[in-house]
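Quick one: the structure is below, and I'll ask about it shortly.
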């Protein structure tokens, strides 16, 4: 049944692409027409360090939102907070209007919000296929009582396996299907992590640097897949340092720095925002390094770092 | 300057079929142990070895690793038996040791009630540790509550026998719940200490003078097992030549191996299911499983309870076959030995606990008997300045310790385990 | 948390000081068995005998007090005054229960039965000869010790025990912290230190101090040999940690039985310092050997900790524990680091065995019995952290010895410590000084 | 047991037990009277193993020299009972049973015996302990006539002797430190009860666990209780406790201390567990058993010249002789028949003191009353001696013991 | 030494150019599990002062190749030669003594050590150089200086990567092996890493770097290898590879190439 959902939806939903974000003001914490996630005053401190201090955040349904920002800006921590893997010091947030405060991480996932991990978490001594199958939801065979009776879950299992195989092929992991996941290379783990999250068939998928370490050619083909997810009506939120990817697929970009949201907007707009360029992109990130004057580049990096340091001094 | 990357040949997955030699090996192996008195066993060993190699080389084409493995193990066992039988003939004349007796003692224990206790306890540990990764070092505690569940109900509370059995099965569930709620969020090594501590607390409490009225102090409790013996349908002992059981043991062995068989069936059924997959995933990385929407805690609790019930069952069976419940029987050592049995067989393998328990007792009893004989009598095989009869009873533990070490060194995956799995995790 | 605990302890010490000091002088004299001056003739068959002595008056016999002996059937057997020795001897016709009544009116002036004592007792005569009874006279002088004083004594014992545990825990923690090995043979390493002391002392005739020092050296050597001969080859084969843990269980079984094989199962005592009386140091009274144990253990622990903090070894250890491959990539000789840790760890553990041998005795099971407490200590503090091991050991040591004062049944006093362990893990699943891991 | 009702001459009962002639060491009742000894080779009572084994071996030797039982030599299979802590007794028992034991001699420790008693009885094998003194064996569920017997008197007697000894010595406030097991608990209880009835008070009773690693808190508790004497009921751990008592100011030289059968051992320089000379001087201890006399000890030394203790050797010897006599009387060697005849050969009838003499009497059709080396051995209904002697020993300056008195009594 | 592999003209041409390379690997065959080869005869050389880039699909064996050079993966046949000395399967810490530095792709920090201690481990063999090198590294990554007492295990992904890179820079090696040093870093820091790598290289350090940021990698490297299925698929100068349409189609993709 789950497998059907995917194949049918591809055909039906070219409509959701229509979500128009042009009307949304490009200010931090901008309200969205149809927000799937709404968060308020979320803070998380580690000792003296405020890792996350988000005043207001909304994620639009049915689009691809990119979350970018310098290293240590608090992106992963925000993911952890939203998905119940970490507990904030304060704040409220909700998914589809339902509060997620104090909701256990697995329940968050069950409500349709699934995340991947920046440092991959593969199940090393399970095969790649088993890793995938674990992702499937609503499995009858996962209940202790029906697990004993194979006829109750056989059919479902086969459907899931077919779907898993499809995804694996797409992620170029099909040849590794029966290998232990622990024997995958760094990039393959990233791929598996993402493919497994897709097995959950989530409404909102949160990817933490999904393409770091993925080969460019493969990345390109995967981006198509991510777009198709959106076209199926799903919401995608991802963290990425790869600007090509951000530019190519995101509909909306949120910029974080030092725990705060400092800018929002369409990719084009954000990438031209001088503040973002200064703090994050660097003026020459599109230039060929061979042609570039090193001194200039270094000065620029220095400038960014100083800006960060200043920001830290006055929190 | 350029070479084209060559395409990987991905073989059709459906083509995988059991390797024919695996089946041959299994058949020969079984035959070796039953019909042919060991003659076919070396062939079973050989075929099994071949099949394993073939399957390893082409894992895509062949299935049946388990079959080949079993065939091979049976083959090895049968070959050993064969050699022993051959050696017996003249050795008994040469050595002042009755090798036949040694062998018989060993086999008696390997197939007797003690092995059943360990097999059941190890089945429980297999669920805890092998599949779910819960490092439960308190299996002795589960066994104790199982045994005391029966004894206390029948002796102290004077309930009928069958209610005692029910109590013995409910008690481990309660213990699992009480223990699980606080400790299941602990990291594996902390959990190990917490469970070991709980088991010791239970043992000490059961044996304490202060609670003597409820648990009988360190004398323990007796006088509950007659109902069990009354059910004994056997009229006399059984002597098959290579093993023999008294009338009592025969009944215990029947009940016990039936329980073990049913338990293994249950474990097999569960572990091939998606439920089992979730458990194995939890063993690898809890957070990943959580992120996929599984209630990790609930699964761990189910595993703890299920494994605990098997532990309780082991305790219950021990209590029944031994007809006494004594706190000293439930010391940490028994947990260690159950782990030993599990790992000899291979963790996370359905048949691991069974094979392990049988081999463990075979060694312990065989060595004990051999050295016992070698040091006793007017003209012992071992000169007394090397080993006297007291020391002889230690040698089996020394050898067991050594054996366990060697096993882990040369075959860390146990008899049924998968070498590749072990190789996966570098630290 | 730690601070508050320490303050509390300090406060208690201060409070208890005067109380304990006050008592320090009063020692109970030891009454020697009192031989009857002039034994009265004893009959051949069974008889009931009662002797009266005045506790207030240096156990002087009390003569002329009338005692009546009545049989179970109510028949009076005899009624007679005590003789010059304060005794009556009444032959009885048959074995059974006899009631003896003292006529209080016949007590000499100024002499009274101890309060709380009845004037009637029951003698169960089942012996063929004397079946004795007793009426305590005078104030029963029982020198019981105040709670505060007992607390101080227990606390001292606890600290001593805790320090011994701490040495072993430190050794365990070092090895665990570096190699990740949960070493179930650690108890046997404690035993090793003790047995070596015994061997050097009784076997080679060295004085205990020298024997102990030699034992520590041999322990260190044993650690190195183990590492070279067993653990390193295992690591080279890529053996997993669980498998290594099982190897350690097997190794423990092996060692334990080899010990028993060689020295036997009985307890062995050293040739010196076995029985030492205590001297008073302010509120605390300690025997010389106890003082030595406390001092040696503390000094060693301090030295070891400084060593680990000040030298590269300490960091290298943690680095190796985190990631051996990366450590090697940083230019560390991983095997060398691990070997040093084994040497240091087993030396510390061996010392703990030496001190335990001096404190109690040598037995092949001594370390095994201590193992669970050592594990508990290491866990309580937080696995793999050095301060955690020390802190945990002190908590465990003190809990074990002080617990009985607060109602823990002393036959199962270890339970108290284990319960504390579990409670602590409830509140801090990572141990008292452990750290949580970051997710994601 | 119900030995009184069964005629000893009921030789025909052999047919019912149908020994399978051919199969070698199989079931109980195969024609060969097999003794399995379940005695401590290891563990905390290991120091009692040698004399006990020597006793069994001596008896077996003498029986076979006298022509065996029912025409066959008797056989002795050794087993190690370990201690309750090592828990090897049950498995060892299975092995002894598998070896076709008809009578199991043992165990020494009451705690160990309780772990195997049901299994042995259920196998229809006699369990005959030379050293169990716990009262537990005369209480439910072991109070019914069954297959359990012992030659050591229950601690009711040792408790009374000990209490009496204390009172005779003028102790009026006694502290008790006891090992927490079947033996320690019941003996402590008996001593305390007898003391209190007789007018003395008990300052405190402290138990320590068999596994205890540190005894500090218990020792402190004893030292703090202020008793005028101490009864120390334990096994081998005594060697650790005594020095700690001395350190705590409550050693035998500070507070008169009394030992019991579990720890009245040789603590001299030559023994296995030496204590410094002089620390035990004057300490008294009780061990069940009559004066065995030099001649018997000579015979034991002939078998095992290394013996340094003779505790329970006589009792062990007697268990074997009594069982053998019972087998002769019953004309069968299966456990049930032997068990049924045991009580009868120890009471009522013509007195005899050696196996050969007794067999001769039995052959004449007489009813016999065997009087053993360890005492008159009058087994009561419960299979325990009803009359016995308890030896009182005192430590000399070199920590060896010397018998000062033997007191006999009835239970 | 290379008899086991088929000799193709390309391969011969490639090897002929090797000349007196500092580090040279010939026909490496090896892997993690017995019987499973990941490297199927990869060749590689790096001349003195050269910056060599390796790219290729996921699972091609790039990391494995670096580990094999560094003695962390068993080389079954083939040799690794450093300055004329055979260093095949040599212990990692000896290689460090010989001047090779290595930054692994994953698990590249010591989580329970602080940042400062992590960097200290970088110059484990030469502790006296610590202050000077530390200043150098914190100059490049000031964040590491600010947070020197933070445990590396609690760092964000990018911060970890800085620590990993920093540790290698502490070593001052003569040959540096980098496995995806830019992964997880913000764009500006990625650029910084590439520039620094080039600077180090220009200062005379031979560098071999594996990268998935292929565009940047090929921009700065002197020579590049494309690895696939454990053997060299293409080799050439950075520029020629970056513009080879086949390479682009198979490995680089067109995204962002603009």
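The letters A, B, C, D and E name the chains in turn, as written, and every chain counts its residues from 1.
Quick note on the criterion: a contact is a pair of C-beta atoms (placed from the backbone, for glycine too) under 8 Å apart; a residue touches a chain by one contact, two chains touch by 3 or more.
In this text the structure is predicted, and so the values were computed from the model without any measurement.
S.K.: Spell out the chains that contact chain B while also contacting chain D.
M.R.: Correct list: C.
S.K.: Could you give the fewest steps needed to travel from chain A to chain D through chains in contact?
M.R.: Between chain A and chain D, the shortest chain-hopping route counts 2.
S.K.: If you tally contacting C-beta pairs for every chain pair, which pair wins?
M.R.: Looking across every pairing, the one with the most contacts is C-D.
S.K.: Based on CA centres, what chain would you say lies at the far end from chain A?
M.R.: Most distant chain from chain A: D.
S.K.: Which chain has its Cα centroid closest to the overall Cα centroid?
M.R.: Of all chains shown, the one whose C-alpha centroid lies nearest the global centroid is B.
S.K.: When the centre of a chain is set as the mean of its C-alpha atoms, what distance in Å lies between chain C and chain E?
M.R.: 58
S.K.: Would you kindly tell me how far, in whole Å, the mean C-alpha position of chain B lies from that of chain A?
M.R.: Those two chain centres are 45 Å apart.
S.K.: Any idea how many Å lie between the Cα centroids of chain C and chain D?
M.R.: 29
S.K.: Would you please write down the residue numbers of chain B that are in contact with two or more other chains?
M.R.: Each of 8, 204, 207-209, 287, 390, 394, 420, 423, 425 in chain B touches at least two other chains.
S.K.: Where in chain C do residues touch two or more of the other chains?
M.R.: Answer for chain C, listing residues that touch two or more other chains: 260, 264, 323, 325, 409, 411-412, 414, 439-440.
S.K.: Send over the residues of chain D in touch with two or more other chains.
M.R.: 42, 46, 85, 180, 207, 209
S.K.: Quick check: in the complex, which residue numbers of chain C touch chain B?
M.R.: So the residues of chain C in touch with chain B come to 180, 182, 184, 230, 233-234, 237-244, 246-247, 249-258, 260-261, 264, 323-325, 372, 375-376, 379, 383, 409, 411-412, 414-415, 418-419, 421-422, 425-426, 429-431, 439-440.
S.K.: Can you name the residues of chain D that touch chain C in the complex?
M.R.: Chain D residues touching chain C: 42-44, 46-47, 85, 156-157, 160-161, 163-164, 167-170, 172-173, 180, 194, 197-201, 203, 206-209, 211-218, 220-221, 223-228, 236-237, 239-240, 242-244, 246-249, 251, 253-256, 272-276, 279, 282, 407-411.
S.K.: Could you pull out which chain B residues touch chain C in their complex?
M.R.: Interface residues on the chain B side: 182-183, 185-187, 189-190, 192-194, 196-198, 200-201, 204-205, 207-210, 287, 332, 336, 339-340, 343, 347, 390-391, 394-395, 397-398, 400-405, 407-409, 412, 422-423, 425-427.
S.K.: Considering only the defined contacts, which chain C positions touch chain D in the complex?
M.R.: 27-28, 30-34, 49-51, 53, 55, 59, 95, 117-118, 121-124, 126-136, 140, 142-145, 149-150, 153-154, 157-158, 160-161, 260, 264-269, 274-278, 287, 289-290, 360-361, 363, 365-366, 369-370, 373, 400-405, 409-414
S.K.: In their shared complex, at which residues does chain D touch chain B?
M.R.: These residues of chain D touch chain B: 23, 25-27, 41-42, 46, 49, 78, 80, 84-85, 87-88, 90-91, 94-95, 97-99, 110-111, 114-119, 122-123, 134, 136, 140-141, 180-182, 185, 207, 209-210.
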